[in-house]
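The chains carry the letters A, B, C and D, assigned in the order they are written, with residues numbered from 1 in each.
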Amino acid sequence: MQVNEYKPLIVAFCCNWCSYAGADLAGNNRLAYPADVKIIRVPCSCRVNPMFILRAFQRGADGVIICGCHPGDCHYTSGNYYTRRRMAALFSMLDYLGIEKERTRVEWVSAAEGAKFAATMNDFAKTVASLGENKRLEDLRCKK
Amino acid sequence: MQRVGVFVCWCGSNIAGTVDVEAVSEALKSEPGVVFSTNYQYMCSQAGQDMIKDAVKEHNLTGIVVCSCSPRMHEATFRKTAAAAGLNPYMVEIANIREQCSWVHKDVLTGTEKAIILGKAAVAKVNLNTPLIPGESPVTKRALVIGGGIAGIQTALDIADAGFEVDIVEKKPTIGGKMAQLDKTFPTLDCAACILTPKMVDVAQNEKIRIFSYSEVTEVQGFVGNFDVTIKKNARYVKEEICTGCGACVEKCPMKKIPNEFNLGMDNRSAIYIPFAQAVPKVATIDPNACNMLKNGKCGVCSKVCAAGAIDYTQKDEYINEKYGAIVVATGFNPISMDKFDEFAYNQSKDVITSLEFERLTNAAGPSAGKLVRPSDGKHPHTIVFVQCVGSRCESCAEKGKEYCSKICCMYTAKHAMLTRDKYPDTEVYVFYIDVRTPGKNFDEFYRRAVEEYGVKYVKGMVGKVTPEGDKLKVQASDLIANKQLHIDADLVVLAAAIEPDKSARPLATMLTASMDTNDFFTEAHPKLRPVESPTAGVFLSGACQGPKDIPETVSQAGAAASKVIGLLAKDKLTGNPCVANSNELMCNGCSSCANVCPYGAISYEDKEFRMPDRTTKVRRVAVVNPAVCQGCGACTVACPSGAMDLKGFANSQIMAEVDAICK
Amino acid sequence: MHNNKYLRDEIIRISGADVSKCMRCGKCSATCPAYDEMEYHPHQFVNMVECGDIEPLLNSESLYKCLSCFACIDRCPRGVQPAKVVEAVRLTAIRKQGANHITADDIPAVVDADTPQQLLVSAFRKYTK
Amino acid sequence: MKVSYFPGCTLKNKAKDLDMYAYKSAEVLGVTLEEIENWQCCGGVFTTANDEVATKLSSIRALKYAGDKEQPLVTVCSACHNVIKQTNHAMQTNSAFADKVNRYMAADGSYKGETEVYHYLEMLRDLVGFDVIKEKVVNTLKGKKIAAYYGCLLLRPNKVMRMDDPENPTIMEDLIKSLGADAVVYAKRNECCGGYISLESPDAAKKNSIAIIENAKVNGAQMIITACPLCKYNLEKCGADIPVVYFTELLAEALGVKEDTNA
């Protein structure tokens, strides 16, 4: 009998200059992380509209992680600072709504940190998996 | 509705090994908009690209999805392919199923499943793509070179040779950099000054080149082709245009006990000084921390003896604004501090010196006029111990030193050892090494000559402790080949200190938004294929600011950086990135939220007339994005409360479609 | 060469030192104040443990010559911590039954009127189990 | 100011001077040393192996005692200081070790590494201040050329001890200067005297100690001060022809409390 292990659905927004390249480097170095993580490329972490995150949870995502350049290293000088502030507010609101704050994360991953990218994703996927399925914000009408 | 073609790449076995490419192309066939789907061994090959072109024609495709390697790798390639097939290049989307799928997952089932989802996201996005046309911006035909060492000098000369104007900003009173401090250069042993100073003169005489010495860059705005730079010219209290460099002031200045930086503090200079005889520009500079006149208004000797009347105690720092099309960073290196390595007693004895200090000691223009003597007592040293790798190749957890190999030390130490034995055959010379690294033309031959012809004693091992005792330096070291601990009574110990990027590099990188590695070396756009460009467009790298380098390498990199700059300045217009923000003026309420977050000042406001449904007109304030200045970060799109601001190429609807596709 | 993988892994585990970081510079041996007393020197301890060549070390007097002055730890450019490796090998040797390097009976012959307690306590901790 | 004080085995016996003058001087400087009740010997050397737990428990009891009183723990013997500080560091950084320790400590309550450990010298520098000491000097030692001998235990491993620059320390020199004397700087002041090897191979220890004394003398030293009873023993045993004294004795002399302790 095959046991169907619970697989979380994780959306990762990665900035084009640091974190997406960091993810590429993880690939180059064959550093494995769970396939549950699906990456969406954005020019800068500050492009991530809270709307995207709400939509992801609404459609059944179990965790959302945003990766950007380290503070001070943003390709656009200050984008990641906006991200940090906006997401702090958003995550706190989501937490209030019942989306545990462990399901949301902002992480700084540089283009040189392939290993950090893989480690972050492994850790995040593990954390999210341990929380189980996220149902709080799911729009059941989206389920076919 | 778009007519989308999907092309799944095997990348040999790189993708096909973990992803069932057939299943992927099959699954994507039924996605909305997809009219054609196939897979091929190497999509980026000529045959693969032809396949795409043919399919565009045959199936009347309006959008293309390539499931392949990272878009950072081949997005540009496939955009060109689309353009060649008559499509707008921005109608291409890449699903990264190599770096972010086949290479990180081992199981074929999971890999294939994820590849399909990534492909679906790309299809969902391309369905909402619109043709984009990049804007154009003019190019300011002038380059800025930051740093006036050999790297900056060579870059500036090469750019000027091509007919473009170049400015050099150097923080010291003279250009010349580290090379001006060297004695001989390996492996040919020509004298550094003999080959450098003519180049310095060339710079001074070249009418295309301006030198801002004793100056620094304080602000950088703008973007490739249109940088707006503020240069701070520090007050040197001497009118540069008038000073003849005669040196009368230097001679008469009563403050003569200031440590001379050029000789690394091994002798003194006066408060008003010219760093060295061949300085360019050859003008005096007053050290404000040492000058009595500037500190408490008492003295004024230099002003009295200056026949040209060049002294100006009231001079202020001056700020200059200038526009540049390209910026070259050539900020160079410094030896690291030896403070954390006092087992070698650098801070406890004057006769323990660094290799750069040794250069000054053996240089004819140095503090001892080229006579190799001990700094402590001026006596001739009979036994000299050279220690390699001091602070290089240290593990990070050792909490001191640098992790990298400083690259130049093996060769300059061989040079020092050889020259010492050549000039003073009565001197015993030991070199303690971990490895001797000599990959370079005629480098190993040079090192072998030092051993075989000049009798330098190379010992495999490290020095553990240097104990100054009386007028000797007791050196305790290991000889790993003989498996012995050696005790040598040395007269002089020379440390091959690791090199690190100049401290000014980090703040400069922030100003330029150019990336750096953890050691503060500038990162290149591609380590192999774009070694002299920074990832930030319009910023180029020359010399040791990018990594440790010797002179030949620095000069060739300087030339390469210059050729890249020339290529840029030769263009009249630059095509920009079309993925820029744009504001829907019908939705915009002119609140200024977007302009407040824009790091580039790309957003301005206009009063615009709108026709209302009742046929009246109304004037409203709306945001307008300057596409030449916008870099496409998207900060404004999130700040906009009315949803008027969007980003081309990464539109709200497109990203939302990707989210939907992934979360299905 | 004798390759004892079990002992090797055990020594690396209890020492907490990463011998694979060693770049063979010999600075540990250059700095060692007990070098002349030793048959195997600090860099050899690191190398031989890495190779699993541990028997000769276990039987060598060198184990009892290390002063635990930690000069090799502080000066190693690679953070290898040779003194911890030596200590781990010594513990492996003296933890065996009856393998104490000194006994209380040895003491009266070697003390004098000034011998501080600290000397005896330290020696016992280093040499015995 | 009140601090917990761990004297150590030798200070109650062969190194009574080190202990006595530490008390006397602290009193003058306004510090009360409160000796830990029922302290046990630290063991003399720190066993670096990860799996050694029992040998470190006496240090942990001392640390916990000070921690419970919310006082910093002050040591004066170099060896005790080294052992206790390294043990404390292990408690702070090695959670597996800390777990094991706390299982042994169950009866006394758990300890996480919160106590601050000061060597007496660090206490003088950081809690009292050398400038304060300078003001309290009554017998200036002007003209004396004194060499500080650190040995290995005070400074290394630097990552844990963090007392001073391990290769070119100045804390004892600063103390010497604050007492009015001239500090002799010599490179071998942080080299090992031979330590416990003098039990088995007195000649090896002798060789190291002679080199240290020679280096100090060549640089003009008339006297050597140290914080470690074993260093003092080894340096004297090798036939030193200059006095080797505890730093607390020198401090007491300068502060004018040496005579009345002798009386």
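Note that in this section a residue touches a chain if its C-beta (ideal position, glycine included) is under 8 Å from a C-beta of that chain, and two chains touch if they have at least 3 such contacts.
All values derive from a computational prediction rather than experimental measurement.
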Inset, instruction - Could you tell me which pair, B-C or A-B, is linked by more C-beta pairs in contact? - result: A-B
Legend entry - Remotest chain, subunit A as reference, centres from CA atoms: D
Legend entry - Separation of mean Cα positions, subunit B and subunit A [Å, integer]: 31
Legend entry - Distance between the centres, which are taken as Cα means, of subunit C and subunit B, whole angstrom: 46
Legend entry - Length of the line joining the C-alpha centres of subunit C and subunit D, rounded to whole Å: 24
Inset, instruction - Indicate the whole-number Å distance between the mean C-alpha point of subunit A and the mean C-alpha point of subunit D. - result: 52
Inset, instruction - Find every residue in subunit A that makes contact with two or more other chains and list them. - result: none
Legend entry - Two or more partner chains touched - positions in subunit B: 343, 399, 465
Inset, instruction - Could you list the positions in subunit C whose residues touch two or more of the other chains? - result: 36, 71
Inset, instruction - Any two chains that touch count here, so list every such pair. - result: A-B, B-C, B-D, C-D
Legend entry - Residues of subunit D defined as touching subunit C within the complex: 8-10, 13-15, 41, 43-52, 55, 77, 79, 151-153, 155-158, 166-167, 191-192, 194-201, 204, 207-208, 228-230, 232-233, 236-237
Inset, instruction - Name, in rising order, each residue of subunit C that touches subunit D in their complex. - result: 13-16, 33-34, 36-37, 64-65, 67-71, 73-74, 81, 83-84, 87-88, 91, 102, 110, 114-126
Inset, instruction - Would you tell me which residues of subunit C are touching subunit B in their complex? - result: 21, 23-32, 35-36, 41, 43-44, 71, 75-80
Inset, instruction - Enumerate the contact residues on subunit A facing subunit B in the complex. - result: 9, 11, 16-18, 20-21, 23-24, 26-28, 30-33, 35, 38-44, 46-52, 55-56, 59-61, 72-79, 82, 86, 110-112, 118
Legend entry - Of all residues in subunit D, those that touch subunit B in their complex: 158-159, 165, 167-168, 185-188, 191, 214-215, 218-219
